[in-house]
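One chain, chain A, links the two complexes that follow: it is found with chain B in the first and with chain C in the second.
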Partner chain A sequence: MGYFVEQLTIGLSTGAIYAIIAIGFNLVFGVMNVLNLAYGATMMVGTYGLLLVWFLGVRNFWLAAIGGIVAATLVGLIVERVAVRPMKGNWWNTKVATLGFAFFVENFVTRITEGRSEPFPKPFEIVYFPVVSDIEISNVQILLVVASLVLVAAMVAFLRKTKPGKAIRIIAQSPDIAECLGIDVHRITVLGFALSAALGGIAGILNALTFGSTYPYVGQFLGLKGLVVLIVAGIGNMRGCLYVGVVLGLLESLTVGFGGSTYRDLVAYGGMTLILLIRPYGLFGEEGRVAKEI
Partner chain B sequence: MDPVVVDVLQRLHGLSLDRMVQGLLHHYGDVTWPFVLDLCSNYAVFLTIALGLYILMIAGQVSLGHAGLVGIAAYSSAILVVKFGLPFWLALPICGGVGALAGLVYCYLFGLRLSGFYLVIGTLAFGEMLISIWLNTDYVGAALGFSDIPLETRWPVLLTIVPLILFAVRRIEQSRFGIAFRAVRDNPVVAGSMGINVNRTKMLAWAIGGFITGIGGCLHAHRVTVLTPDEFGIYFSLTILMAPLIGGLRTFWGTVAGAAVVYFVPWLTTTDEPRDRLMLYGIVIVLLMIFRPEGLVTPRVARRREPAVAKVARGTARSD
Partner chain C sequence: MTGLRPTILRVTDLTVRYGQVIAASEISLHVARGEVVALLGPNGAGKTSVLRSIMGLVPPAMGKIEFFDGERTFRIEGKRPHLLAKLGIANVPAQQVVLPRMTVEENLEVGGLYLGFGHAAIRAAMEEMYRKFPALAQRRRNYAGVLSGGERRQLALARALVGRPKLMLLDEPSLGLAPMVLNDVFDMLRRISREDGVDILLVEQNVKKALDIADRAYVMRIGGMDFSGPSVEVARSESLKDAYLGS
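What follows is the complex of A and B.
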């Protein structure tokens, strides 16, 4: 019983990270119809930005984390300027260009850091709180779950209540009509990219925090998992991302705990294939949501 | 200052342009003819695989699980040759058949049900799922990989097979099938109303594309001699997909040129430091997409070299 619950808590915290990544993806992909393959690289830059600030002498985790998030946001803006805007909405060209950009950033970081796994600073000593008899939850896990819940709530509120959030949703439906309504499409797009990259930076830092280390290719694996969550949840749906992310995290950790770690990806991708065959638009998606010609 | 930061700054300085150019020149000095031959052989194998995808793409079937298809053929050729002792030349057509069958499975699962973006993602998930299956099968070596495959794909083999495939793809593209493929891609409803059986056309495209990919996979297995599941992941699929995209709006010569860019540019930019290579490769891709958004071989260039049949076809089906 204790082992089962332990796997559940691990699953919950990885699921929380998946959910945050999927939400970041959702902002540019679901809402702006841009598949940003450099998103994994953005996450990685978040962790290395934190490390850079840390090694420059700021021995405070939270200040360094702000540095990391700023670095990720800057890289997100560069991606928008270099690999998205010049493509003028051409779906395939954007995809190839962002992939090329990811190649560049990942190998640049590998080049200047020798590409080894870097130990990651901790914000506080990891403490395990006993909950019931032999079941324990660590403060990092609590931080992860709370952070993802807060971020999802904030994103939903942002998209539904605030002016820029509503503008993003209008652009998603039709950029032309958005322009007619007096929305600065260009500026809102940049804002969406910055937000998404910041979320990516947060997700990368939280992931590095759970594993205690980071490496230049960490984003490839994370980005792919985020994409899986987004597709299964249904493109454009923020709360769906939270549910599916957590369920995927739980399923994966239970598979690792009771089946073996090599079956983990089989569950994720096999489940995704099945769901796509039964519900091609995702569990929470609406039909015809990004069905634009590609 | 922290020693880590000093280290990073030093390595940043090592990135200066003249050092890279020096490394590049140094590297070119070492090039030998066997190496060039090797490189061209690898390119020929890659081109075969990319042409398999090209056939799918003229029918509007974009697959991001294409590396999975390559993997199926590669693994079956390895099993046939190593475990059952079949000669390579017999395994080659069988692998083509296996590839065609696998293509039909892809078609039945995804091609007939999904379209556009969802097709891309569905095939991607299936390809990644295949990797986990291989990783868990001890019969094909699991994570350690399938080793001891005899090296058979030398240049005489490639020099007979690859021109044949190039010729076949060119002919298929210009035939009635090719025209039907394009019609289905441009507008399935109109194509159906003109008497084209849309589902059967898609299945045909997957079968032919799968066959060519299967041949490519077999050549690949007997070229690299060791197969590991991880190499057939999304990054291989994306590399294959980049060939038709970089080369130019899904045209035949574009695919040939694009495959050359995808395959040769990383080697042309090799310096002493292996990481520089992929870094420069990334820059080249982004620059190509910015300055040649229509690809290397634009339709205008391609059209000049097009035979009359295709020009007539253009009147009936909107192309590119």
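What follows is the complex of A and C.
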């Protein structure tokens, strides 16, 4: 019983990270119809940005984390400028350009860090709180779950209530109508990329915090998982990302706990295939927005 | 008559092209204050391209477009649509006229939200639209995606009006509408022109309906301007038939 619950708590915190990754993906892909394959690389940049600030002498985790998020945001803005905007909405060109950008950044970081896995600083000493009998939950796990809930709620409120948030939703439905309503589509697209990259940076940092380390290709694995969550949830749906992210985290961790880590990715990719066979729009998706565009 | 009124829109020698394909060449037209002007012509004549080019959705290849906002005249060719919207030009396209994943209420609200109006002004304009278009009032909380064709058209018009435009560019308001609804929409257009003081440039396939409400009309043939004149004369002219039937 204790072992089962332990796996559940691990799964919950992994799932929380998946959810944050997926909502960042959702912002540019689901909401603005741009498939940014450099998104994973922005997460990785978030972790190395934090390390850079840390080793420059700022030995405060939170300040260094802000540095990492800023670095990720800047990279997101560069992606929009050099790999998305010049492609003028062409799907294939955008995919290839953003993927190329990701390879460039990942190999650049590999080159300067010699590709080693880097130990990651901690915001506080990890403390385990007993919940019931021998079941414990750590403060890092609490942080992860709270962070993902807050971020998803903030994202939903931003898109529903604020002027720029509504503008993002209008662009998703018709960039032409958006322009005719007085919205500067270029400016709002840049804002969307900045927000998405910031979320990616946060997710990367939280992930590195869980594993205690980071490496230059961490974004490939995280980015793909985010994409799976987004597709299963249904493109464009923020709350769906939260539910599916958490469930995927739980399923993965139970699979690892009881079946072995070999089967972990089978859950994500096999599950995605099965769900798409039954519901091509994803679990919470709208009719007509099929993942075939990927 | 029109000579005494200021010209709100003047298009001179406008050419629109998509790559090598010329969609419209050397189009000149104008709209005076208080006018409804129809742009007619068969399918493929380039009417929609002219409209989209005026709005900046397709940058013109050549030509001059001037807009008079009541105080100053602006050169607007090649300017981005969001800037034109702020000058007071509203565009209602032929297809995909509403934002389907937003409610009727939200659709109306965003008509003024990005044009610098305050919340109170937008609220007031929305209430006015609910009075003008009672069908929309009952549908406030519905997603626009579930509305009927006629309701969508009304919503698009109302959304444009919330932004208090000076000039409205309308592409085929009759498209996909049942005959009954069609009459309602054209009555509304006439009211918008008379009561709200919005000048209208209208592209339309339904020639009879368009000439009913328009003061003047321009007729295009494939890619170019054929002739123009007051609606009554255009309606009687033999060249109108020629333009559609070919000669």
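Here is the rule we go by: the second predicted complex is superposed on the first by the 289 of 294 C-alpha atoms of A that agree within 3 Å, B and C clash if a C-alpha of one lies under 4 Å from a C-alpha of the other, contacts with A are read in each partner's own complex, and residues count from 1 in each chain.
Criterion: a residue touches a chain if its C-beta (ideal position, glycine included) is under 8 Å from a C-beta of that chain, and two chains touch if they have at least 3 such contacts.
The structure displayed is predicted, hence computed values, not measured ones.
Novice: Between chain B (first) and chain C (second), which, if any, makes contact with A:Lys166: first, second, both or neither?
Specialist: A:Lys166 contacts chain C only, not chain B.
Novice: Tell me which partner A:Leu266 touches in the superposition: chain B (first), chain C (second), both or neither.
Specialist: First partner only, chain B.
Novice: Thinking of the overlay built on chain A, is A:Asp184 touched by chain B (first), by chain C (second), by both, or by neither?
Specialist: It touches chain C, and chain B stays clear.
Novice: See if chain A has more residues touched by chain B or by chain C, and give me that chain.
Specialist: When the residues of chain A touched by each partner are counted, B comes out ahead.
Novice: A:Ser174 contacts which: chain B (first), chain C (second), both, neither?
Specialist: In the superposition, A:Ser174 touches chain C alone.
Novice: So chain A touches chain B in one structure and chain C in the other; where do those two contact lists coincide?
Specialist: No residue of chain A touches both chain B and chain C.
Novice: Which stretch or stretches of chain C touch chain A in the complex?
Specialist: Listed in rising order, the residues of chain C that touch chain A are 55-57, 80-82, 85-86, 90-91, 93, 96, 99-102, 106, 110-111, 113-115, 159, 163.
Novice: In the complex of these two chains, what residues of chain A are touching chain C?
Specialist: 163, 166-167, 169-170, 172-174, 176-177, 179-185, 286
Novice: Touching residues of chain A toward chain B in the complex: what are they?
Specialist: It is residues 37, 52, 55-57, 82-83, 86-88, 90, 92-93, 96-97, 99-108, 110-115, 220, 224, 227-228, 231, 262-266, 268-270, 272-273, 276-277, 280-281, 290-294 of chain A that touch chain B.
Novice: Name, in rising order, each residue of chain B that touches chain A in their complex.
Specialist: Where chain B meets chain A, its residues are 1-2, 4-5, 8, 11-12, 15, 62, 109-110, 113-114, 116-118, 120-122, 125-126, 128-129, 131-133, 135-136, 142-143, 234-235, 238, 242, 245-246, 273, 275-279, 281-286, 289-290, 293.
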